[in-house]
Amino acid sequence: MAGLINAEKPSNIDDYKNVMVFLEARDGKIKKPGLEMISVGASMAHKVNEMLIGITFGESVGSMVKEAGEYGCDRVIGYESPDLKDFRTLPYATLLSDLILELKPNILLIPATRNGRDLASRIAVRSRTGVTADCTELDIDPNGRILQARRPTYGESTLAEILCKSHRPQMATARPGIFPVPERKKDAKYESEARKAKIKKEFMKKEIVDFKPKTTVDLTSAKYIVSGGLGLGKASGFKLIQELADEIGAYVGASRPTVDLGWIGKDHQVGQTGQSVRPKVYIACGISGKAQHLMGMKLSENIISINTDPDAEINSISDYIINADLYEVLPKLVEAIRKKKSEFEMQSSNKKAEEKPVKENIEEKKEKKPPQ
Amino acid sequence: MSEFDVIVVGAGPAGSAAAIRLASAKANVLLIDRADPPGSKNVSGGVLWGDSLGQVIPDWEKSNMLERYIEAKGVTFLTKDSKIALDFRSTKFGEVRSGYTVLRTKFDAWLAKKAKDAGAMVVSGVTVDKLAMEGNKVTGVIQNDEVVTADTVILAEGANSRIAIDSGLKKKSDDRHMAISVKEVIKLPEKTITERFNLTNAKRGYASEYVLGFLEGGVKAGGFLYTNRESISIGAVISMEDLRKNNQTYSYDIIEQFKEHPFIAPLLADGRVEEYSAHLVPEAGLSVDSIYGDGYMIAGDAAGLTFSNGLVLQGMNYAIVSGIGAADSYLATKGSTSPERFELYRDSLKKTFVLKDMNTFKGSDKVTWSETIHNTVPAMAEEIMLNIFSENGEPKKHLSKIVVESALKNKQRRKDMIVDMYRMMRRL
Amino acid sequence: MGLEIIVMIKQVPDSSEVVIDPVTFTLNRGAARNVINPADENAIEQALLIKDKNPGTNITVITMGPPFAETALLDCMSRGVDRAILVTDRAFAGADTYPTGLTLAATITKIGKFDIIYAGEESTDSSTGHVGPGVAEFLGIEQASYTSNSWAEDGYVFAERQLEDGVETIKMEPPCLITVLTNANMPREATLRKKIDAMKKGIETWTLANIDLQPDWVGLKGSPTVVKSMRTINEKKREGKKFNVDEMDKFVDELVEKGILTFGVD
């Protein structure tokens, strides 16, 4: 516990060295946002000839430590204990902040996932330093080894650069899906250390009494999204959407009215009151593109609109426009993709999509969900 | 004991003026508006004629809520191809009060704030459901099934007067006495406005009413255009009756036709529509049988105290005067339990210009919505003007001859025309 | 049995109306209305739901902000919150999440006893989500962030956390802090009766002097981070290239050629 105390400027700022990254994991595997910290962390550390130190927690950490090293950490420290199986704020925060005292990292990166932010907030206060949330650009100024943390603000309209010059470590959380997952090298060289952790009883009072895995993976880190709107006309229209999604390894998104009508689950909703997504490809089928919807997807790298209305608002932000009935377009598009894919498969190896979204049974979604 | 001395429903000009007056006299007053901030749903933009506001806010002319002081007043007839305008400018507008343009969303919020500053409790963002009554006596207001009591309720809820109608204090107005008004606020640079309208400076403004004698299907509508500091308020008023008859015509078509008229479009060029609103306007004169009763008074538009006939739109000044009148009647009869105590309110309005104007204009809608004004007069005027000003080599005719010929051509019987002309002179 | 609940709320400019001044990088609030941060409305509602179920519960809402944040507090009281404290002082201006959390934690310490502190998941104007858990750290209490529901039972507090990969139900002993997701519930509307009561009761105003913190611990002086610059994110120019329904093969060819569709090769 920090107590009611101010942020502290350490006098020995130059003693703080290296970049530390927190590698969020579940069930003995480092999660994708954690791996993403390695690429951005390594590039900063190596720019100033420092080390990238990966930190991971778990019931047992052997395989994770190896994973972290092979993905590019110069040094890996894993804490293991049955009490560290699941993420819990206090044990995690205590171990990590003790390690900060011990290793004095110049920079600490944590993925801006929900648990990551939960943890980062507490570490920052306990370490009496600042933290920049949800960064999409991170760089280091080689002179003062100052972290240049840039993050979107005000509804993604502006990029703010935030510095934390006189407090250490310089902390940031980084938005998932922005930084690349580095290449895994079996022959990578790294130092590693597994530490047995002893967790105080008082930190274990918070119990996780239940965990229900989600059947859909969240859209925010999706690379491809196929979304359906009211233009589908009926709940079963989402079958067509799913079909296209399956074909290209995409997740299914939806406009709000289709969710309100119970055609599809709320966790598929994109927009102001749904999820904000920025996939590589967003295919909007029968979506008019009202402001509230655009707010959640306009940062997509490529936008494809399939709409009968040539003046639909979505068209003004689309890279590709197919001005026709989706019921005509989608089967033809799927067919064309299948054709292309088989050509591909003949040519190249059978590389599979890295990650396949879990499908949701659309049939079962006909009823309106009761409000929570 | 009631919780409040007075509850005022509606923070438009009528309600806020009443609340300021009451609170200044230390009455315990609650002012309620459904919008938050108060007035933010009110039709934006208009001219506040006269100086009635001075009665409750002595230094009101110093307020930066006032957009421009009207130094140029127009009355304009538009036909498809022509414009016949009276453009009145007078240095006497310095001495004789004309009016200020205001933007209602800002202005109304400011007035409500004045009520708060004077000591009224101002509650915004809640809609009163109905009146609390004991028999015929109004004892307070009800919202969410909870009663808030007051000695007196002043209903200043505007033209819809849903509460007054639901509570049986007022009959539903029939179509003939209602008009739909649509309005847009169009943003333009201050300097552009001053130049386009030939105004002395950025503090001076122009206001004109229009007869739109060119609309598709002969729909009868009036228009208005007022200059604000950095925007223009433009709108059209269409009689409900006419709109129903021409059920293919929508009110927004009309404002579009108005805006696209060859003599209007250049005035608006490069402007950006900032606001759009539609509103119900009661027309011409008293539509309420009684503007007071046991425990209540009705003020402003809710009492039908508007004068709007499609050419001239006035209501804010009447609203303010009636609000003040209601407040004063409460203060003068405080403590009395007589069901007739608010007779005073009506009497006071009679003494002011409000009811006098209402009586003067009673029946003026017969003229203002007449075929003559909207279609015949503009057409005739155009023809006459063309005749006078065109050089076609023929000998010049005497003016009276031109008029008679034109009237005949426009199938206007001489007698009817004279009657209409007479009515117009008398009532406008 | 009644609980003591504290809700932290922030007044923010209505996000749909905010503009950034490209020169000074400051928020041009312009005509933007100030509203309660959306997630905080859900936090208030969550507290009221607990009060509905646990008679005798007392809810205090606090905010650190400028004097005009009073309207936000009155708004909360109009929905059924019992007490409101505005913590306001020139010294608080320019605070980042650290001193904001510190100021709020010091305020809560002064208030005294509490079972649950509620906050929003994040604010729309700084959107860090750090202030809530930061307060928990200052106070040394447990926390549950990103919750969609929470309730009190048998002396424990339960909360459902929505994570990226699942829903976690947590059981904690009070005192604890909970952050609530935007749209976790439907905030109730204020009523005339409650609005009047709120205005009659009014809010309390505290300053730095009330919370025993040193002036250079709070506000800009107490902030470890500084905003160095802001730039507008240029929206991508989109070509809007058209394909008709019979050109799907050609369309897919183009997508593949441009590397837009890769079929899992990337």
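Letters A, B and C mark the chains as written, and numbering starts fresh at 1 in each.
Keep this in mind: a contact is a pair of C-beta atoms (placed from the backbone, for glycine too) under 8 Å apart; a residue touches a chain by one contact, two chains touch by 3 or more.
Quick caveat: nothing in here was measured; it's all calculated off a predicted structure.
J.: Which two chains have the greatest number of C-beta pairs in contact?
T.: A-C
J.: If you average the C-alpha positions per chain, which one ends up nearest the average over all of them?
T.: It is chain C that sits nearest the middle.
J.: Go ahead and note the Å separation of the Cα centroids belonging to subunit A and subunit B.
T.: Spacing between the chain centres: roughly 57 Å.
J.: Using mean CA coordinates as chain centres, what's the subunit B-subunit C distance in Å?
T.: 43
J.: Round to the nearest whole Å and give the separation of the Cα centres of subunit A and subunit C.
T.: Subunit A and subunit C have C-alpha centres separated by 21 Å.
J.: Find every residue in subunit A that makes contact with two or more other chains and list them.
T.: There are none in subunit A.
J.: Across the complex, what residues on subunit B touch subunit C?
T.: Counting only subunit B, the residues touching subunit C are 3, 30, 32, 37, 121, 123, 125-126, 128, 141, 143-144, 146, 148.
J.: Show which residues of subunit C lie in contact with subunit B when the two form their complex.
T.: Listed in rising order, the residues are 33, 190-193, 195-196, 199.
J.: Can you name the residues of subunit A that touch subunit C in the complex?
T.: 1-7, 26, 31, 89-90, 93, 113-115, 117-118, 120-122, 124-126, 128-134, 148, 152-167, 176, 205-214, 217-218, 220-221, 248-249, 273, 280-281, 298, 301-303, 315-325, 328-329, 332-333, 335-337, 339-341, 344, 348, 351-354, 371-372
J.: Tell me, which parts of subunit C touch subunit A in their complex?
T.: Result: residues 15, 18, 20, 25, 27, 96-99, 101-102, 105-106, 109, 124-134, 136-140, 142-146, 148-149, 158, 161-173, 176, 182-186, 213-214, 216-217, 222-233, 235-236, 238-246, 248-249, 251-253, 255-256, 260-261, 263-265 of subunit C touch subunit A.
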